[in-house]
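In what comes next, chain A is part of two complexes: it sits with chain B in the first one and with chain C in the second one.
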Partner chain A sequence: MTEKLSVVGKRVPRWRAHDKATGTAKFLADTKLPGMLEGKILFSPHAHAKILKIDTSKAEKLPGVEAVITWEDVPNKLFNPNKLDLILVHPELEFKDTYVLSEKARFVGDRIAAVAAVDAATAQEALELIEVEYEVLPAVFDPMEAMKPGAPKLHDFAENNISVHFDFPVAWGDAEAGFQEADIVVEETFRTAKNHICQFEPCTCMADFGADGRLRIWSPSQHAFLHRRKIAEIFDMPEGMIQWITPHVGGAFGKYGSLSIEPVCVALAKKAGRPIKLELSREEDLFATEPRQRYVSTGKIGLKKDGTITALQEKIIVDGGAYYTHNFSTTAVNMGGFLGLYRCPNVAAEATCVYSNVHPTGGVRGYGNHEGTCMLEQLVDKAADKLGMDPLDLRLKNAKKAGDPSSTGIPMETCSFEEMIKLGAEKIGWKEKRARKKEDGPKRYGIGIGIAMDVSGAQPFNIQHRNAFIKFNEDGSVNLLLNAADLGQNIIGAMAQIAAETLGLNYEDIHVVTGDTDSTLYDIGQHASGGCYQIGNAVINAAEKAKKQLLERAAKKLEAAPEDLEVREGHVYVISDPEKTISVGDVSREAMYNFEGEHLNISGQGSFSPVQNPPPLSAVFTEVEVDIETGEVKVLKILYVADPGRAINPATVEGQLEGAIAQSLGYVLTEEYVSNRETGALESDNLNTYKVPSTLDMPETEVVLYEEPVPSGPFGAKGIAQGAMIAVTPSIANAIYDAVGVFVTDMPATAERILEGLK
Partner chain B sequence: MKKEIASFKVNDRAHEVLITPNMTLSELLREHLGLTGTKNACGAGECGSCTVLVDGKPILSCSTLAIAVQDKEILCIEGLSRGPELHSLQEAFIDAGAIQCGFCTPGMIMTAKAMLEGNPNPTRDQVKEGLGGNICRCTGYVKIIDAVMGAADTLSKGGK
Partner chain C sequence: MRVLKPFDYFEPGTVKEAAQFLTTHGGKAQVLAGGIDLIPRMRIGKKEADYLVNIRKIPGLETIEASGANGLKFGAMATLHSLEASKAIQDDYPILYKAIHQISSVQAKNMGTAVGNICVATPASDVATALFALGAELTIEGVDGERKESIQKFCVDYGRTSLKENEIVTEVFLPRPPAGTGSAFMNLIRTHADIAKVSIAVAITVRDGVCEKVRIAVGAAAPTVFRAIKTEAALKGQKVTHEAINEAAETAAGETKPITDLRSTAEYRREMTGVLARRAMEKALQQVKA
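Moving on, here comes the complex of A and B:
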């Protein structure tokens, strides 16, 4: 693409940056409704228990308490908090196993009852007055144990606690034959980290049944329309009777891809007949909302002596926790990442999803691909070691190119892994550093690489419909209506840039309306890094339609043909006679206010359903220093080379990558989600024990945007945010392997585990 | 619990509030004065999101009793800008792309303000050190540090 861009590609301030910098941006915890009550949830103290009796009378009598609910007050209807069953091509692999409140507790933190009171302190006091008689059942905390005959059973339908066993649905070649052909085979079993996203704003929700009978829900959902449909199903309401409002979101990273406390909040609002706010504490957020699945996964790679990969295979036990949620979908994506990153003619994978009495898991940034790719990338380094090859050369040998299928199976329009790897290697000084002496007293130096491809949406596996609407105001500014939650990734700002560029307006001329299912068109929501690519195309479509109306109208005024007109910075010009011009505002205003009977509010509705799924690409280089006496890993530098297609706003794209670097550091080194082995209670339930990286943990970082615009993308853009951790994590693990030869199979790689590995 | 009237000076304005002895400063600001710019990401002194300045010093308002800061000069994010005119730190955070979800931003800016008052020309490492108690889950801190360095520059050249 060679056209000159005036708004796209510029580092303009993100949407609502001013409000966030001045403290005026309202998050849910900052909001109050008239007559609002505050809610609190009673969580199960037992990992596995049946409720024999639950007496709420004392709690109800406490002054200030307006409603108490238990399993008897909520719809007797199972659901899956994961929205994907509504849009998945294979919904039969999704199970409904969750109630709003349950008669049976399956993990420490399961929802037993809830209270609404005049304030949170009263609600809390009331919780302590609820008397529950539990029959404590034997519990099982390990998926291997859970599969054994005679293990405590969590859900009636799941024999041996196995919810589903499935093969990678779109495998190709003959894996067995591929391994026969191989000169070497490397096989390792990994235990990935059950890491919590710990988004900074603790989970909060408000709900209210208005006098008009309509239900209003305020919740930072990533999928307002799909979650609205879920609530409609659970509470047996027509979708149109529910308005879902998405406020500012204090970080999400996949967290709000599941319904979380909304159903409880709605049930409380229904019972109390008053607006309810339900706000989790940090501790509750950590134990009662979904972390990542833990995969116990055996990966196998076969290669020829020259490094050609002949076969890949993965066998996964999914330690998904007490409820099913995203078990199937994250695992299928895990397989896609593991099997689809490199050229390989023969692949196979299978997975067994297992229930146990640990905290249920969900979709977290990277959505399975993070773990699948990380295992593969570590195996590649081990294979390189065995072959005596430079791991960088081994990657170059097998890297995919344009025209090859991506990990979703769709042929890629562009793919410059080779150039990106070479660029990064050059910048970091790979050859010299790899050859460098490792020792410096007890400190050992290492350098590693990881590469990854992610997605720009979930086609062809999910329905992916997007809509946008544009309407002009009298002054020539426009309203852009869409339903996209700004989770921090700046989707709104990027969409405004795309609209401005397409319409020939300034960034400031685009006023976005979002976050309200009543006033925006249907959108499947923010997942799989599909927002920028997919909604961006819908916005262009809407803008082009509106622009056509604008130019037709302007053509009459300027006495020129519409094809001879262009719009720049808010003015329409005649191309063949640039002296002739009219402001967009004048055209728009005249269209609204005229006596010629040709009234028009210039507008356009755009839609998009993708055919392509261009993967954003990453190549990451990490330098570490490992202290062999203490086992401590110090990350020295991370260089991230990313291909986002086109960076609509380079500052916010860089921000996604830099943030992901920090999250990967936490994943690999410090963030350990630990449950007590006896009770199943979460032990890492605050920010002192669940260690999120601070400034002091951050290494030197460098981000390089290798922009290769993709033809099907809006101005060439692909998705970037979800996939940003994927290559970082294995690059750190591989650097540790280079430094001290410890092959990290159990994350996080704490000092103890490194020391253990050094033995 | 016994309630009493206490007087506070917040963002240069005097307030009289009926408080209980166990009320935290964060509660006072958020619930009673409607100053919700100050955030509570942990409520337990572990994250820095609730940082405000008391007599120019950064303190964690979630872990400070309101009663202890009576009649002191309290400054929170809402008091930083003067009408439409933003403080250099706020400008710098916006321009550097240092804000993502924005939940950590008020605490970061207040901590940075106190730091720059003590050390107007910090090195990058000193900024890292100074912000060590403020968690941000989104940004990886790079652009936050850029912003603070940028604001230090503006301020040392006489900016506001």
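Moving on, here comes the complex of A and C:
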């Protein structure tokens, strides 16, 4: 690999940053199609109820109303909004339990009916005219209660509301024997936070059946092709009859890994015969789109006196909510994180996924690994405490190294946890700060660490298939065609940098075409931090093919062999005689316009299916101040050491890590998704009650990029974005533990809970 | 979804005219100041109005006037921002400055007024808590003339003031704190952009180590902002020792009638009233000494 890079590794402006900064970028809320209607959804006010009768006649008569749909108008077909059943190695572990609109409500917010009208206010008024006769059924809101015999049953197939019970599929060693061998065992039960991502743009979608009979969907999906296939299945259409357009995305963080309101929008468009826009309010987005799973999880760790980990075990109750969605997949990833972070010879885990009449949950940034790793990292600190060891030394003792399997089981090409931990410790002054006096009046100071490994895609558990296409324009610029959604992670900019670097062009020469299933090649979509690593390799593959054509044409002009040429900043040079040169534009133009009949649009199609799955690594250090009279936690500083392999654009990587710090702050300290115990309705249903931190709440942050390029990565890059919260969360919890000895098992650790813990 | 129902809009040129309009339309008209509380409430259907009476165009309502040894007056349309920026308030009424300054939303401070804030009569108002401790007196005008009322009397109950349908608050007067007065404002919030779980404002006047006068105001720990009257009475005339303060803080906690909601719990609010009251009193006393 060449170390002389001219575009990769540079802080170039991110893709479409100018449009967003100046407000000219069009989001769906800014978009209007000719003849478009606006839709509204009627959500169930009951946590559990059967619809006996539903009368829409009054709503239909309201002037301006064009269509009203109920469960009788939508396909009688179950589906799982999670896309993974299409690409999972074990599709039998994904259940289809959701209808577009339901005859039975299973949570407050379940979709009962929908209206399309000339404007949203009319549609809203019409909702109030829909007369629904419900038979209210007993409801259950707690997974433990839901598993008891005689509890209200949500889905016919799930006995005792258990959808599936499974063991970690690829466990190793003998956990029981491992605990026998251990000198100490630490065991704790945690209740993780059901946190909602609160992306800026509330969930919005448009759909239209064109005169050509094709269905067009505009939706900020993370998986345009997979979601297109889901819609095709639900509405019994060939995939090719659907064009999925991904507009600017106002934040996703995993939530658009599920179909959300698209099926309702499509059903409305079908009934109305007109384009529809469906836009949720903030309140609706909070109660009707998926927050994180809540896990009630017992973790156990066994260690020798010298700190060697001998066994790990996890028993999880998945409080998944009223529908299955990502229950299995996030939980399997949770186990992978918990069992796979450290060297440990004996591991086991089991999980029970439970339905209850609360808001269904989905896959959110960190995707189970966040919760699994957080529990493990807290247990490690408690174990260190018991052993009288510095938690940093305990980590160094058990840290994995290159060649060890990652949490996916695939051996790691690189792994420098040890160096990263030492570097961070040095920078923050770990030893001194752990040892210093921790008091100042009612203030207590603490410092904590958390480490994590995530993934660069979902190899070997999912099909991971990426494509890219490159074609040259007359002027020597290229169009890079790919299907990747810029969710904020700047995947498009990074891909343009990789294309430019490979082709020997400038960043500005790459014009990206994306967000349209008609004009781009197949891609599984944005998940599991797989984009940069996997699509990046497809882009290199495409660029190399196109470059081969370019050099062959240039070779003739320059009267040299193709292998004796190089491309730099838009020019082809003879390496041994740089005086001999031709611009890429001249080569490209000549290939299109010549009278010799040797015509060619220089281009290349690249594909990638991974073998490796190199984990990005993080080591995060957090300093906190806790007020022992009020229980308030103030995060003073976070030092983030991250190994992204190679940072294609360091500014973007830093942005991802800083954003993750903000999200972890909210997760650990303030964001509480609260449902009413009697009715099951969401109480924290706006940003006044559901408290997301703002820039004002940010601590001092320092990001250190420890770049160790991986051989299999594009210019050495791995993933970074989705796993960015994972190490931050436990580092905060561990800093609190260091400061005041309160071991946080229930998140968020509000001031009230900390104070309770201090008593 | 939030839909703002249609309403008629009126811009009176004088307070009399406004009061007249309110009288004619009875409960169907609402005074509009900054609108940052009223409009969102109307959107979610928690307040209804066929008419909005915007008092912005009435001359003189936005003034802030320091009248020397007497005190300071500000009008109903003085925005939170203009109060925060007032040198007189920063110097002589620092707890009002603090209560406003800690509001993180610049937009809210540019649009919202202090009088609008107290007219909402929410117990969680930081601004009202400071005004209680400063002994604010309101001027209220109706068709039949003018009346004056202390802020405690004005805030009757949760969301309820003593205002009649056709009355308007025109002015707030803050008496000048006597020499030897120290003050402090404190609150507890979840994030910077949040409404307080508890807030405390204290103004204490000390001569020769003895408490001559004290106001202790508590926000978000009862149906209204309130003065901890028993605590104040117990302190008055006492030497302000640590013991006296600790005891007073405990008494203050006992005067709360808090609730549990999404922001906090009743127990926490009660306990924190004690902690903050103690800290605020200590801080105020340090100021006196300095």
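In the analysis below, the second predicted complex is superposed on the first by the 757 of 759 C-alpha atoms of A that agree within 3 Å, B and C clash if a C-alpha of one lies under 4 Å from a C-alpha of the other, contacts with A are read in each partner's own complex, and residues count from 1 in each chain.
By definition in this document, a contact is a pair of C-beta atoms (placed from the backbone, for glycine too) under 8 Å apart; a residue touches a chain by one contact, two chains touch by 3 or more.
On a predicted model such as this, the values are computed, not experimentally measured, just so you know.
With both structures placed on the common chain, the touch criterion links A:T701 to chain B but leaves chain C unconnected. In the superposition on chain A, A:E752 contacts chain C only, with no contact to chain B. Applying the stated contact rule after C-alpha superposition, one finds that A:E632 touches chain C and leaves chain B untouched.
Contacts of A:E658 after superposition: chain B is touched, whereas chain C is not reached. Legend: residue contacts after superposition of the two complexes on their common chain; A:A120 is shown touching chain C, with no touch to chain B.
Contact comparison for chain A: of chain B and chain C, B touches the greater number of residues. Of the two partner chains, chain C is the only one that A:K40 touches; chain B does not reach it.
Shared-chain residue A:A435: touches no atom of chain B or chain C.
Looking at the shared chain after the overlay, A:A29 reaches chain B, while chain C stays out of its contact range. Residues 281, 688, 692, 694, 696 of chain A lie at the contact with chain B in one complex and at the contact with chain C in the other.
Across the complex, chain A meets chain B through its residues 11, 13-14, 16-27, 29-30, 197-202, 248-253, 281-282, 487-490, 649, 651-652, 654-655, 657-663, 686-688, 692, 694-696, 698, 701. Of all residues in chain C, those touching chain A in their complex are 1-3, 104, 188, 190-195, 197, 262-265, 268, 271-272, 275. Within the complex, the chain B residues that touch chain A are 30, 35-44, 46-47, 49, 76-78, 80-81, 86, 90, 93-97, 99-106, 109, 127-129, 131-145.
The residues of chain A lying in touch with chain C in their complex are 40, 120-121, 124, 281, 284, 629-632, 669-670, 672, 674, 683-684, 688-689, 691-694, 696-697, 750-752, 755.
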